[in-house]
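Let me begin by handing over the structure; questions about it come next.
For reference, chains read A, B, C and D in written order, and residue numbers begin at 1 within each chain.
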Amino acid sequence: MKYGIVGSKGKMGREIMEYFSSFGDECVVEKDVDHFVERDVPQLIIDFSSPQGLKESVELCRKYNCGLIVGTTGLTDESFRLLGELSKTLPVVQSYNFSSGMSIMKEILKAFREQFKDWDCAMIEIHHSQKKDAPSGTAKMLKEVIQRDLSISSIRVGGIFGEHTVIFSNAGEVVEISHRALSRRAFSIGVRRAALFLLTKEKGFFTYEDVLKGVDKAAEELRGISELL
Amino acid sequence: MKYGIVGSKGKMGREIMEYFSSFGDECVVEKDVDHFVERDVPQLIIDFSSPQGLKESVELCRKYNCGLIVGTTGLTDESFRLLGELSKTLPVVQSYNFSSGMSIMKEILKAFREQFKDWDCAMIEIHHSQKKDAPSGTAKMLKEVIQRDLSISSIRVGGIFGEHTVIFSNAGEVVEISHRALSRRAFSIGVRRAALFLLTKEKGFFTYEDVLKGVDKAAEELRGISELL
Amino acid sequence: MKYGIVGSKGKMGREIMEYFSSFGDECVVEKDVDHFVERDVPQLIIDFSSPQGLKESVELCRKYNCGLIVGTTGLTDESFRLLGELSKTLPVVQSYNFSSGMSIMKEILKAFREQFKDWDCAMIEIHHSQKKDAPSGTAKMLKEVIQRDLSISSIRVGGIFGEHTVIFSNAGEVVEISHRALSRRAFSIGVRRAALFLLTKEKGFFTYEDVLKGVDKAAEELRGISELL
Amino acid sequence: MKYGIVGSKGKMGREIMEYFSSFGDECVVEKDVDHFVERDVPQLIIDFSSPQGLKESVELCRKYNCGLIVGTTGLTDESFRLLGELSKTLPVVQSYNFSSGMSIMKEILKAFREQFKDWDCAMIEIHHSQKKDAPSGTAKMLKEVIQRDLSISSIRVGGIFGEHTVIFSNAGEVVEISHRALSRRAFSIGVRRAALFLLTKEKGFFTYEDVLKGVDKAAEELRGISELL
């Protein structure tokens, strides 16, 4: 696949290029502050830049008539208005977290929280010492999913990328469900799933949950459009 | 509740009596080899004895006109014939594993195995050094549920009661789901859930999965029959 | 070995009897509130009762001219005065924690805290939901050993007997050292080590650390006195 | 500090440059196949290339009259002869593993294996699915250190960088000691410690264990030579 990337010099930008290139995908448009390279017409644009950068991504999508994947955080109401507008004619996938594992963990907790209602519950989240906020946004999101008043222990040490563990225990048993991100690869894998999904859509606004639910169907359809890749 | 126990001198028999007594339940019939005590008419019989002992449990149920919970292992075809016969007129719950946590873990894996199909998968099970068989029966059961050809690492050390961990990992993430039995309490909790379930039934053959699905409904019905307890 | 136990009906008393009997040791004196059985002359007395019960243990030691092991908690100055007095003529081992593993963990942290001084450090301790105090006394003791201002995350869930994990992490690595008590067996093993140690001593006051350092030497000496056992 | 790197385009080469630059260190000589850049005279050469590349590293050290750090694997007798020769006039640090945490874990096991001799012991090592050998070289090394006939469970899944866990358990307790490498950063930290150590030496052949033992003393000495950095 041929893609463009906005935020090409950022950590996620470089990680995406490294991961996608291992599948033979070509980055044909690179954009960052004071940097623009255009080698070919992309089939989609990936944006990991800033709410400001996003405006230019939307323009690029119109220029190339292609879809958009947005992983940029801190989006404003204006950002979402722009994305909503774009999604009327082109496909858009937007998410703050492209980790498949965390999405699955969330779904497990949602599906089984009732069965654990007689059990005690606690959460531990561990991140590197540079992370300022505690508990993590993901921990708060998981707590909302569990729908209980549980204590979250936040630990900040060394270079741990990101771990979340939910512990259920009754008088005789313990069940633990945990997720660990090993590196940014956790997210670039999800971005590529979203890209494959996007190529099967004509227009519309999608979340990463839509991608996960639809990707199998998309995979089948892709066999039919494999000449595009 | 008033209950009788067959296998009253065994480890599970004693554990059940200790746990049930913490709720004010009364053990009114005790039976073991060369041991029989009858203090009152029980509302149900709990059997953790042997395939031989089971015959006497079935007779006791007929004598007292009450239901039966069977946790005895190594049952024969003859055992199941006896239980099937009994269940035509009285309620029977039979299971080789009364751990709620392990039942939930099994259900999680069943419900989410598809979502992990692109991930690598492995299992670790750790038990005390007296345990002879490896992998454990539970590990083999979990492997069947996952429906994949995965490697099981079996570790036998010290006094660890029983741990099973399923590890899913892709290039950037790890999701682990684990169960740990802390003591026989893991099972006596389940036996009491089964007992509460049994008191709401007139007849029929049930597994522990039926108990877990029906216990909420049973709990509601029990409010209506709470005078029985 | 023939021993007596004060606090014979308590949880630790019963656990000690069960564990010791697996080695063929005989409990020849049992004492508890309103309970006294004397079958033979003991070679040592084990006290897991109360500061009040301890007085009677000291009297029993004088009566039988034998040593004393004390695991009772909440000892007063008066208790220690009594023990000091007894230790002038008979051997005494006193400790609030007879877990060998926790003693070893403490020693590891003491020996290696310097090597981890450039690493971040945090501690997690998990106990059952009935435990009221947090952090646990053991966690506070470990923090003192590490000699750093580290955060302790205390979790209270279900029936977890007692876990302490020390996490060291720098930008690229994590080293974890953890201890888990599986049951009261963690302590009865240590009490028996203390008993074997005590039989080699004529008098003096000893801690469990003395036992761990001396037990190998004691084991050798015991071969010479094996007719005593 | 000003340093040169041989194998500058390899994964470890790039990681070392990224990590060292965060301290303001300057890479003034870069060498790789068909690649040579020389911007200044280095104070030391770091080699993560190949046994062939090592020859050129030795020549560079002679040219600049500076020390050498070698992390290249698969060294031959000829490699060690070259390094031995060089170490007569210049300082050399050679190691196959620059992870501080693994070195400390090794020392802990060496120092405490005697205290665990009555405990059961097992090891689990987990690595990414591309790793072909099992057990890992590090696991075998740890087994030698523990000096016991223990079972090693090797798991190969996803992108796990490298984990080693040693489990000790008796009837009542579990003690676990584990090491996890999060990324190549685990090794570049050690290489920089070795570099600081090397700058304090005039000549001689050193291992990474020598670095760990001497680095505190070196750090003090470095205050005196801080103008060099």
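In this text, a contact is a pair of C-beta atoms (placed from the backbone, for glycine too) under 8 Å apart; a residue touches a chain by one contact, two chains touch by 3 or more.
Predicted model only: the values in this text are computed from it and were never measured.
Trainee: Given the two chain pairs B-C and C-D, which is bridged by the higher number of C-beta pairs in contact?
Mentor: When C-D is set beside B-C, the one with more contacts is C-D.
Trainee: If you take the mean of the Cα atoms for each chain, which one ends up farthest from subunit A?
Mentor: C
Trainee: Cα centroid separation between subunit B and subunit D, in whole Å?
Mentor: 51
Trainee: Distance-wise, how many Å sit between the C-alpha centres of subunit C and subunit D, to the nearest whole number?
Mentor: That gives a centre separation of 41 Å.
Trainee: Between subunit B and subunit C, what's the gap in Å when you average each chain's C-alpha atoms?
Mentor: Taking the average C-alpha coordinate of subunit B and of subunit C, the gap between them is 35 Å.
Trainee: Which residues of subunit B are in contact with two or more other chains?
Mentor: As it turns out, subunit B has residues touching two or more other chains at 158-160, 168, 170-174, 182-183, 185.
Trainee: Mind pulling up the subunit A residues that touch subunit C in the complex?
Mentor: Residues of subunit A touching subunit C: 119-122, 124, 126, 128-129, 151, 153-160, 167-174.
Trainee: Please name which positions on subunit A make contact with subunit B in the complex.
Mentor: Per the stated touch rule, the residues are 99-102, 104-105, 107-108, 111-112, 115-116, 168, 170-189, 212.
Trainee: What residues of subunit A sit close enough to touch subunit D in their complex?
Mentor: Where subunit A meets subunit D, its residues are 158-161, 182-183, 185.
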